[in-house]
Amino acid sequence: MTELATTPQAKALHEQFCRDVMSMPGGEKIKICQQCGTCTGSCPTSYLMDWGPREIIAAFRAGMIDRVVKSNTIWLCTSCYYCTVRCPAGIKITDLMYELKRMAIKYDLVPKDSKNPAMTKIFVDSVHRHGRNHEVELMTRFMLAKDRGLPFKYWQVGLKLFAAGRLPLAAKNIRGRDELDKISAYLDAQEAKSQ
Amino acid sequence: MSDQFEPRLIGFLCRWCSYNGADLAGTARLKYPPNMVPIKTNCSGRIDPTHILKAFKEGADGVLIAGCHPGDCHYINGNYRTAGRYPLMEKLLEQMGLEHGRVRLEWVSAAEGEKFQHVVTEFTEQIRALGPLGWGEQFHDESAESEEATKEAVPV
Amino acid sequence: MPEDKIAVYFCHCGSNIAGKVDVEKVTAWAAEQPNVVVSREYKYMCSDPGQDLIKEDIQKLGVNRVVVAACSPTMHEPTFRKAASDAGLNPYLLQMANVREHCSWVTEDKDEATEKAKRILNAQIHRLPFNEALDPIEVPVNPAVMVVGGGIAGIEAALKLSATGKKVYLVEKQPSIGGHMAMFDKTFPTLDCAACILTPKMSAAGKDPNIELLAYSEVEEVDGYVGNFKVKVRKKARYVNTDTCTGCAACLEACVVRKVPSEFDQGLGKRTAIYIPFPQAVPLRATIDAEKCLTLKGKKCKQPCTTACGPQAIDFEQQDEVLDFEVGAIIMATGFELWDPTPETRYSYGQLDNVITSLEFERISNASGPTGGHIVLKNGEAPKSVAILHCVGSRDENYQEHCSRVCCMYSLKFSHLIKEHLPETEVYELYIDMRAYGKGYEEFYKRLMDEGVHFVRGRAAEVSSVALSPEEEGRLVVKVEDTLLGIVRRIPADMVILSSGLAPAKDAKSVAQTFGFGCSANGFYLERHPKLEPVSTVTDGIFIAGCCQYPKDIPDTVAQAGAAAAGALALVDNPTVKVEPTVSYIDPEKCCGCHICVSVCPHTAIQYNEEKGVAEVITAACKGCGVCVAACGSNVPQQAGYLDDQIFAEIEGAMAL
Amino acid sequence: MTDKFKFAMYWAGSCGGCEISVLETGTKILDVDANFDVVFWPAAADFKYKDVEAYDDGFIDLCLFNGCVRNSENEYIAKLLRQKSKVLVAFGSCATTGGIPGLANLASAQEIKDLVYRDNPSLDNPDGVYPQEHYAVPEGELDLPHMYDTVKTLAQTVDVDYFMPGCPPESHQIAGVLDVVITALKGEGPLPAKGATIGVAPKTCCDECKRVKEEKKISSFRRIWEFLPDPEKCLLEQGVICMGPATQAGCGARCTSVGMPCRGCYGAPEGVIDQGAKMLSTVASIVDAPTPEEIAEIAASVPDPVGTFYRFGLADSLLRRAKV
Amino acid sequence: MRYLYYPGCSAEATGKGYDASARALMEKLGVSLVELDDWNCCGATSYFSVRELDSFAIAARNLAIAQQMGDDELCVICNACYTTLAKANRYMAEDPKVFAAVQGALGAVGRTYDGNVKVRHIMDILINDIGLEEFEKHVTRRLTGLKVAPYYGCQFSRPMGAFDDVQMPTTMDRLFEATGADVITDFDAKTDCCGGMMMLTREDAALRLCHELLVAARQGGADVIVAACPLCEINLEAYQPRVNKFFGTDFDIPVMYFTQLAGLALGVDPKQLAIDKQVVSCASVLAAIPA
């Protein structure tokens, strides 16, 4: 396997990643990871990961950025924060996973088969349209976009919930929903300014 | 030597930690600018703000105070006294029109030769950037001015 | 006042200084400075001919102030001061200018180094006229020594001192000496029986005519200073007359309160309200636990202990006694506490049965322990699988950052003991790094690998009782990433041993304060210098040994105890002790009695004299920090050797060029 | 003229309180009259500068000079009186250490003029008129003295024989000093050594203060209007910045006896070269908190360190003035 | 007592029961909950993936509204909403850069937030403001003998740790002990993850996590699992049949919001607690409680 890290582009990307990660609150703690494995051992989904959080930190430190972003690890994080509260080095691993997710999206490095970025996008989109997350819309749009087989798996569950009135079809809109767009637009502008 | 401004610095070092840290920088042959003359006291807690003012008066452009890390003081908590005097001193100097950064407090342990090197190098550059202080000099012109004024301004 | 005649000596230190500094130039320049009567350079000033130069000039030229520009004063100041002294000059009229460590070795450019050397030298030339002749302060020394803490460190130190004929007071807060080591079964890596090597020392200490054992006692107050400490010790009431009690244990048999968890057995075994902590206890005397004894709690009891006691030693009226002692030196050997793993909830200690601490396992595996040395679960069955979790409460920013040093090795010892008792049992060692650094330790590690112990590199994530497979049913499961494989494993175990780290004693900070020294950031006692004075504290005359300084194993503890004893002996074997004269003094004619110096003195060396209304320095207790000088609003306390005028002169000298 | 000793008193850069305190000596003033001829005392008697200029050198036996040297006129008279006086006393805080006017050394002369004639919010000066040093009127040219950037003490201007601090010097101290001087002038006793500080008591203000002093460990600073201080206890221990420990005794601790902290007008005690820095050190040293960060934070909460610690001594301090 | 109340998006759909029972429970305890006006999505975990600052800023919009309404305590029921809102608060307090950016973004929509609104989990309010003693006084139907598995979920006290231990919370245990229930205090999986949103993106992973939780609950002999988060509740409850299908098990454990069960103990009408809207029947639980 040729490591992407050997090319100049990869080096530049690695530097960018390092800067981003080190500038997140507590990011510099990654340097003192002792590779004890508490994070991976505590992670409820690590068995599905091609590299556990511990290995992601090792790869990050070794400059193997492609390994970091091309692995499915960051997309399998459920934000349960076990790793964060248990890490003996005080590394905010959950925050690191978010940071890496953001960077992967930003630099368009998401694995093609991952459903999570689509879910994220639909979620954010839904919130911006209504001001709140409309669960039915979220599920429907996600099914249409990524998993058309989903309705067949879940029709029983769906039906029961629907019957119980727990799946209202109409979305509620908040009055100030345009504010969310404006907030994002403001932050976009700030980010553009700083670069 | 080049024409750039060479700051004149005094460094007060506590005998147990920072002086030994400076010694270690020497033993390890770490190089740093020659601008600072170290003065040893037993504890950074012995450093009286008067000493700092005296250094400025004598022409220093910057003063470094270095002591043991909190908790490591040979005298239990002498450096806590230093820690208290320093910010108040800074505030006073600021009122006196001195640029922030002419006095610097650092904790340097006996094991931190590299830190000592780093601190002195950085401090020298910091003061170089601030330029000369030249405290004594600001009084010279005025005495000439007063001589002249005395002659003509007083109604006789 | 005779005029100042300063001599300057500039050392080449081979090429160490001369290679960077233009020695001739500086020496010639120095000769021109005010008060300088002679200025010389020499290849090695610290050599005998170099020192002779100084002596000759003092004697022949009447030189009365000397500056040696050479290496760091830490290195050779004593050398040159002695030379001056030999020639009849007060040693404190000699100053060193550090032109090696602070100049030639750290400066790139030769011209710059030469200029800096001049400034460093000039500071001392300016200072010297203000130097005063100082005489070392001599104080008498009390030859007795107090050892605080009766574990292996304290016992060893006491025995060593007693062998030199010194009086030793050995203070122990428990009813018996022995400390943690008395609880252990075997010792790593030699597998000596701990009791076999410790009990002879305990009984030797108990019988030694020079050692006065103060068991069940605690130090309350320490006053005084090097050579002359005054210590108040509270001797807690045992409610048993220790002079008449024979330790026959008949009272124990008779006592009706029988289910008190035994501290010595980590609560796994039971004891009675009147008890002897363990059979080899020294002193072998009974103690009544006032919180459990029915009579002392004011409840009804027929007092069968009194009936059973032949010598009539039981005395319910006994009171605490506070005793005063005077000693010249003190050795602190107050030991450690095992880190309590309860807050580390993911390991379920205290929640799930058979999750135990290392100290509990020591008792379980000990032949004299509550299970008779049978390694068994709570239900009495032998475990088929045991997991040993390293670094519990160690190397962890959430709890203790330090490595506890002994856990890797005692864990290996546990593996061996389990394998020895139960060869069929699977043993797992879950470690981050295997630290087998001592003599024979690495070999022991290899031996355990050979014995078939499973080594899993990874810090356990959690211990759970949820079974996800039939194999896990009814057992504990340890979840861990095997970092060498990169997979998460679920290891079923019947017993989980938490190799808990060593923590400073809960009262370490207040005890250190009582004795007038400090603690490091990790809470253990702070040594005077981590490399060169690891058994001394900043308080002269107080030494430290054993795990109160930092976690260490038995050989290191014993070695350190010996070193502490030697340190104390070197002090108390002299009739007097010389104290550095760079201490503070207060002119009562000037002191206004405002108490500021009293408030800031870190060593309580300044006391307020109510009668005279002024503060007074206890010279022997003063360590010479000078904090009082800087704090006093009217500069009344002055510190010899660091007078304001001397510091001002150094500043002037340094800035004059 | 009689053959009595010659007495002069002058009021330079100061408020005039010193003059009042001389009168406050009460009947003692009769001793002055009995022993001295007043030959120059602008506040009390009509003499002109030209009269003084006409005296022989050393004509005046005792000259009390109060006020700092603020401008060219002050400086001229200081030099003149030095020349004409046998004994020149820097009288009061302003002459001794610069006093309250010394705080002007935080700014330049121009900055002060700008504040007074241009920026002061209560000012009505639409044309921006500033005082002129020279101004022509039909009657002729008017001159004002030149104001210096830096306020100076008397000793920074001329050689001074004695220093008598206080804002103002206490009357009983003045009376005592007059006794000593008169006795000495009559040849019946010695004068103090030249350069001595006179009219003071030994030790510091704390020595005269009756409040009970115990260990000082303070965790916050308070100003006197923020609480009702314990009348028996040392004010510093109650968190009030009291200059007592760094102030020469002599006033009888008048301020602290009525519940106000010492402001330091009697100047630095013997052996202290910079009163403000010394007191700053004292105050910061007794802050008590568990960590150095907290200590630093509390110490830094002292407002206006220069105004607090150098209320009377800025002109005489090591740095003397703010950077220009 | 009065608190501003933030229901969270799920309260309008799958989590209706949580919302209804929380309101009913607090009413019974004499606490008034005033719904936050025009609240928006908390900026939940998905937002963190797009841009952290967006998440903080849209969370802060809610806090700004709270400030505007003049209250400084905001009661939140959903674990994820709680963590997101509280985390935004903490990061704003700790990092001036974050605070400045959020201030700017709020300014762009004419709002301000000073950082003084306290985000409170409803459990925090129950235990620390109302107090167990007071709560117990209101218990009219003791849950004696009912084996309750207290399921806290991950973001209950993790990572904030503001009112309960980060790893081993106990507040829910104590609350139900006060009702007389037989709480499974050593419920080992009580803070393990339910799989969260992964039920849609990685069903296999999520089902496995639910399975482990259900195994642990059964091992403890649970009659009912109580949850403190809509996502946890829906995953454990609605997907129980999927778990059974996947793992060949036969779980049929009632799952309730802890507010529903606590409401029952306080004698609130089951209908008002929306217990009839649970998918796995709670009849066995209702039957076990004496009237």
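Each chain carries a letter (A, B, C, D and E) given by its place in the written order, and its residues are counted from 1.
Assume a contact is a pair of C-beta atoms (placed from the backbone, for glycine too) under 8 Å apart; a residue touches a chain by one contact, two chains touch by 3 or more.
This one's a predicted model, so the numbers in the text were calculated from it and none came from an experiment.
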**Asked** If you walk touching chains, what's the least steps from subunit A to subunit C?
**Response** 1
**Message:** Using the stated contact rule, I'd like to know whether B-D or A-E comes out ahead in C-beta pair count.
**Reply:** A-E
**Item:** Between subunit E and subunit A, distance of the C-alpha-averaged centres to the nearest whole Å
**Value:** 23
**Distance from the mean Cα position of subunit D to that of subunit C, given in whole angstrom** = 55
**Request:** Would you kindly tell me how far, in whole Å, the mean C-alpha position of subunit C lies from that of subunit B?
**Result:** 36
**Rounded Å distance, subunit C centre to subunit E centre (Cα mean)** = 50
**Prompt:** Residues of subunit C touching 2+ other chains?
**Reply:** 346, 600, 627, 630-631, 644
**Request:** Among the residues of subunit D, pick out those that touch two or more other chains and give their numbers.
**Result:** 272-273, 278, 281, 285
**Fill in**
Multi-partner residues in subunit E (2 or more other chains touched) are 167
**Item:** All pairs of touching chains, each written as two labels joined by a dash
**Value:** A-C, A-E, B-C, B-D, C-D, C-E
**Message:** Per the contact definition, I'd like the list of subunit D residues that touch subunit B in the complex.
**Reply:** 49-50, 53, 71-73, 75-77, 79, 106, 133, 143-146, 148-150, 272-274, 276-278, 280-281, 283-285, 287, 291-293, 295-300, 302, 304-306, 309, 317-324
**Request:** Flag every residue of subunit C that touches subunit A in the complex, lowest number first.
**Result:** 346, 391, 395-398, 432-433, 457-462, 479-483, 486-488
**Request:** Could you pull out which subunit C residues touch subunit E in their complex?
**Result:** 344-346, 348, 351-352, 464-468
**Asked** Any idea which subunit E residues touch subunit C in the complex?
**Response** 165, 167-168, 186, 188-189, 212, 215-216, 219
**Message:** Looking at the complex, which residues from subunit D come into contact with subunit C?
**Reply:** 202-207, 213-217, 234, 236, 243-247, 249, 269-273, 278-279, 281-282, 285-286
